[in-house]
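Down below is the structure, laid out as structure tokens.
When the chains are written out, they are named A, B, C and D in that same order, and each has its own residue count from 1.
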Amino acid sequence: MLTTHAASGVFSVTWLIIAIPLASAAVLILGGRRTDRWGHLLGVAAPLASFVLGLVEFATLVGKPEVERSIDNHVFGWTIVEGFHADIGLQVDALSISFVLLITGVGSLIHIYSIGYMAHDPKRRLFFGYFNLFVAAMLLLVLGDNYLALYIGWEGVGLASYLLIGFWSYKPSAATAAKKAFVVNRVGDFGLSVAIMVMFATFGTFSFTGVFSAVHGADPATLNAIGLLLLLGACGKSAQVPLQSWLLDAMEGPTPVSALIHAATMVTAGVYLVARSAPIFDLAPTAQLAVTVVGAVTLLFGAIIGCAKDDIKKALAASTMSQIGYMILAVGLGPAGYAFGIAHLLTHGFFKAGLFLGAGSVMHATKDEVDMRRFGGLAKPMPLTFATFGLAYLAIIGFPGLSGWFTKDAIIDAAYHKGGTSGFVLGSAALIGAGITAFYMSRVVFMTFLGRPRWEADVHPHESPKVMTWPMILLAVGSIGAGYVLMLGGRFANFLAPVVGHSEEPSVQPASTAGLVTLAAMVVGVGIAALMYLRRPVPAVAPAGSFATVAARRDLYGDAFNESVFMRPGQYLTRLLVFFDNRVVDGAVNGIAAFFGGFSGRLRYVQTGFVRSYALSMLGGVAILVAALLMVRG
Amino acid sequence: MSPMFYLYLSAVLFTLGAVGVLLRRNAIVVFMCIELMLNAANLALVTFSRINGNLDGQIIAFFVMVVAAAEVVVGLAVIVAVFRTRRSASVDDVNLLKY
Amino acid sequence: MSPTILAAMHTSGTEAALFWIFGPIAVLAALGVVFARNTVHAALMLGGVMLILALFYAAQDAPFLAFVQVIVYTGAVMMLFLFVLMLVGVDTKERLVETLRGQRLATVVAGLGFLLLLIAGIGNAAIRTSEGLANANYPTNAAGQIQSGGNIYQVAKLIFTRYVFAFEVTSALLITAALGAMVLAHRQRVMPRRTQYELMRERFVRGAHPTPLPGPGVYARHNAVDTPALLPDGSFSELSVPTRIRELSAEQGRRPVPSSLGSAAGSDRSSAEGDER
Amino acid sequence: MRLLAAFHAAANPNAIPAPHIEYRAILPMLIVFGVACVGVLVEAFVPRVHRAVTQTVLALAGLVAALVAVVANTGLPRRLVVQSAVAADGPTLFIQGTILALSIGALLLIADRSIGADSDFVAQAADLPGTEQERASVRAGLRQTEVFPLAMFAVAGMMLFPAANDLVLAFVALEVLSLPLYLLAGMARRRRLLSQEAAVKYFLLGAFSSAFFVYGLALVYGYAKSVEYGDIATSLTSSDRGDSLVIVGLALIGISLLFKLSGVPFHWWTPDVYQGAPTPITAFMAAGTKVAAFGALLRVFFVAFGGLAWDWRPVVWGVAIATMVVGAILGVTQTDVKRLLAYSSIAHAGFILTAFAATTRASESSVLFYLVAYGFMNIGAFAIVMLVRDADGEANHLSRWVGLGRRSPLMAGIFALFLLAMAGLPPTSGLWAKVAVFQAAYQGGAGPLVIVGVLASAVTAYYYLRIIVLMFSQEPAVEGPTVVMPGALSAAAIALGVAVTIVLGVVPQTVLDLADKAVPFLR
């Protein structure tokens, strides 16, 4: 299962997949203004080229017998420190090639879209430079055949993400968000780096093959520790509880960034990490349980927050958090869930990117408005956007036959199949999450595209240019079809099997009991949303003083009842969670930054500039050191 | 009397020199206090030389003297250069670089 | 002198007397270095400490070092210090107010702590015997004969054999010192040397006292330099007594002007301030 | 020859036998000392117009020749030479080679005058700042070429310091390396007041700390009856004296070494002096002194006091933690780029101390590797700092660096590379340096130190990346400084820095092997 095969043919140039965007990024970042005129074209061409290469490799890979579907492309031997020889190589197998196609495919579409979206930005070239840097790093992350390469890519995407969130750093909120993302991610990265160190200390190697072949004899406690540390890393990058808080703020970046990095690719790196480390997690039940718990908590947490956000991008970000929760939950389920988690990741890549691009298109049309209370009725002026957004919406809520339905149901089903109390709890959480998802996503659609227009007088919504709509259309096609392609007949599970192991479960029946209940939950969610946001006009100002508004609309007695019975507790819960998110978690993160800043700011005044003070503290230090030494001696 | 008393004396002188460095403001006096510390060390060296019964201590003291002489030249040159610029030999006045 | 004697921990009575007389003086002098307001006094105190140390070196079988101490330290280094003090201005006195908050208290605490640690370190060293330098200065050969030697010979032998490299390297230090002093003090003339004519013009154009200042007056009862000269109109010349001397005599309570001619006292005091040639 | 000596001895029984000196083993140092002396003569005899060129060529040739001599000496057996005053072993050669290579880089910066009419050094150090005389000196195109022999003396001291095998020679070497630096620190052309202040502070605190060294040396001598490292090591097991003597002596010596390598709480001079000194000197000092001081630290503590490792280890732990924390946290709010690099250098000293605290063979080699990596990134970073100028000379305030990446992407990119290296991020030498020291620390049982180290490097990464973001993601100020195109000399220095940083980032093994082959210290 873990054997790899030496690269030949097209696989021997796998490194080009990474090198092309990297070179392009170097040209664009270092090239200065000279590249302004053609920079964006180069920026688009690079991921496209990688995509084509990836496709060819994929086709070749599929054509091989199953046992040979893991190709190790040894780039160079890297003897780093005495006693270990890190063969930095690239590994093409089912898992990595799936990611490669997602990253370069969806990435290319978003790149194309960005040509239009960033058309008026004077720094567009630089934007593409960072974008390509991101793509290269992400590709390294998924293609590396060892944890070290993964870590390098991991840090690389972190850097690119940081640069891109802060791309409009003249906005203080963007600069702060970038900093926050950076700090929170460092916590996760710390976990990952320690995990790698422990791994090396235990197994003496970094390589996937080396580690995975050594895990069988390893101490379970060590494996659990490694697993938990890896999970910490995954939580940071994938915005899982408790390290989720940076994702909502990261929406300060340009929308294509949100689409590519904070929805489709980078945030899924945590899922990749867990799936890739499957052999470790399979032997570390505690860590695996922790993974599922984190996933389940996050999927509910994100979904509830999604209900409260009026900012369209933040609502989508909350939904991303929640959907990644599903994936994490799935990969935490072990062999039964890996394939579904990854499949959901792929379909999510399509529909979430579609949703974000749609949101970007809406913002583009309404002078960068993000407040959904100032949208409404946009379906008419922007039919294409509405259609693509709508398809993606149907996919995410799990409308039967669309891609999300296949993958999400599969996860819920798999969670129930885990059995025992934990299986029931996890499955139910996922089920409830599906209902809430339907509610808040419907809310987004209803508030944005349906109902009466609430936009400002000077806003004249219009459809976006072709360079932006075509990517949306293609993504919508993906949202429809990806599910069939991946899930029918367990095709994807079989494809992935050599990497993550076979599941004994039969492929999921779309018409299972759980599937039916899920469908019902979805219908209920959509229904409530329709009641609240379609039948009733949406106030252009958030009903902050909802007590007063309820009183004013007493004639709608049923609605008032609805509100007091269903809404209010929900709102309180939501507020509580948002409060928790804003104050406690953000507070902790901001607090850490402020602590260091403040500490440093105060401490630096110790450096008074007076020689005599310096000499005094030196003498004090001497006395302390001498005393310490004498005491140590006894 | 035991030669140990020379050592105690040297410790006292050394500490007094160190204290002087911290208390005096005139750079030249600060520097003189450093010389006092070196002298105290030399006393210890000579005494140890006698206790140990070999001459290495005296040689070391000799080297310390040579080094101190060179240090004095450089140090006083630096101090005079600063004095000519600022018209002040106080170490508290060289206080632009901080924080 | 028998080379085989093993000197005990006890030294001769003469040496003990020497130590107990001069040791406390050395400590007092060191205190003087630390606390004397006047920098010249501090320098002289330091010279005193150094001389006493030279004495102690001599008492401890280190005649060569004793002389080096006198010649190099007390002779050269201290002179350099004094020279620079003169250059910087002998009359600079330190203000006694401590400007850094807590510096004094912290210094005393740290200093005492450090001293205690040093004493403890030395006191616990359990040094029981003192070898003495007789063997080192006059080693015996295999046959038991005392070899030629003496302290200076043995020191030289060590310097030029065991420590020869360190000795050679110190030359780099001396060159550095000379070079450094030269760099910071020597100025190459880049502006043309001013001619006598220019100097003269400068002086007269400024209008300040073109002629030499008047010398001090000499009277029948006072021929000291702090006695001001009489001008033709019978008043005293403010310029005839150098500022520093005026300050000194004022400090010592001596009136700069003979009291019999007291009418000039006021004018003299006023001149003590403004006169800054 | 021998006959003559025998004759001489017969004629005078008191004649001191000439000591045997292995000239070849100390040839690298002799070359540098010799070149420094010749440099002084050049000052005396070569006409002023030719001096700068002559000195540059002479000094560079000397350093290269010494480097060649170091390489040629690698085959020699490891032994004590020159009356066992000098240890001719692997670490000596490795450190001396490193110092020479770094000095070549620093010397290129010192010699470069292409950054406009004004170099970084005073025209005449004796001129009073702001006077007509000073302006006249500048107009006359004078140049303080004594900088070269002074720098060469410092290089020689740096080479000797870690090679010395007894405390006396170490002390003399310490002074040989320090005295020229005190002088050089005061020779900045711009901001003379700051520069002189740096010189005074560096001098007073340096002299203060070397007084502690001498007293420690005296106490150790009292304990061990000798100052040779080997004898000290032997005496630790055989001496009948109480240990307290050697413990205090060891502490005092250690303090002086910690001062030189800016360990907390003896780091105070570092930010002030780094900021005030002329930038090429800062580069020289930051790289060279640190290498020399760490080399000496390793030799003194491993060879002479290795037997007391159990006693000094906990204290080194404390110092390492304090050093990392102070360097990391105080760097966060710095606004002057040279000061920031100074705090970064403190933090790096802390990282190196973690490996030192582990006291294994791996800690020796990892420290050596770290020193190479750190030295070159430092030279490169300061070289760039030197080039960012406006009308008033260097623009060191970070607010002036905003948007520099837009204005001069190449230079800002190179600076970013060095910052990444300092942060320990791939693909630079800094990554492996950190991996090496932390791994050594971990294996040596200093796990908690590694945790503090990783956290501290996260904090330092924050301030390095902040500069990168500052340079690249914001528009440049209208009247911001420009990056002067480097002259051939400083371009060479920068290229050297970049090359080493990247090569060690991609294929660190060669140098790691070298470092590994070099250790252990000759005991």
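Following the convention adopted for this analysis, contacts are C-beta pairs under 8 Å (C-beta built on N, C-alpha and C of every residue); 3 or more make two chains touch, one makes a residue touch a chain.
What you see is a predicted model, and the numbers here were worked out from it, not measured in a lab.
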item	value
Centre-most chain [mean C-alpha coordinates]	D
Chains most often in contact, by C-beta pairs	B-C
Euclidean distance of C-alpha centroids - chain C vs chain D, Å	35
Whole-Å gap between the CA centroids of chain B and chain D	25
Centre distance in Å when chain A and chain C are each reduced to the mean of their C-alpha atoms	74
Distance between the centres, which are taken as Cα means, of chain C and chain B, whole angstrom	13
Two or more partner chains touched - positions in chain A	604, 607-613, 615-616, 619-620, 622, 626, 630
For chain B, residues that touch 2 or more chains besides their own	7, 14, 17-18, 21-23, 25, 30-31, 42, 47, 51-54, 56, 59, 63, 67, 70-71, 74, 77-79, 81, 91-92, 94-98
Chain C, residues touching no fewer than two other chains	100, 103, 107, 110-111, 114, 117-118, 120-123, 127, 162-163, 166, 170, 173, 176-177, 180, 183-185
Residue ranges of chain D touching chain B (in the complex, touch as defined)	125-126, 128-129, 168, 171-172, 175, 179, 182-183, 186, 192-194, 196-201, 203-204, 207-208, 210-212, 214-215, 217-219, 221-222, 225-227, 271-272, 275-276
Residues of chain A defined as touching chain B within the complex	604-605, 607-612, 615-616, 619
In the complex with chain A, residue positions of chain B that touch it	18, 21-23, 25, 30, 91-92, 94-99
Residue ranges of chain B in contact with chain C within the complex	1-9, 11-20, 22-26, 28-29, 31-33, 35-36, 39, 42-43, 46-47, 49-56, 58-59, 61-63, 65-74, 76-81, 83, 89-90, 92
Complex contact set, residues of chain C against chain A	100, 103, 106-107, 110-111, 113-114, 117-118, 120-121
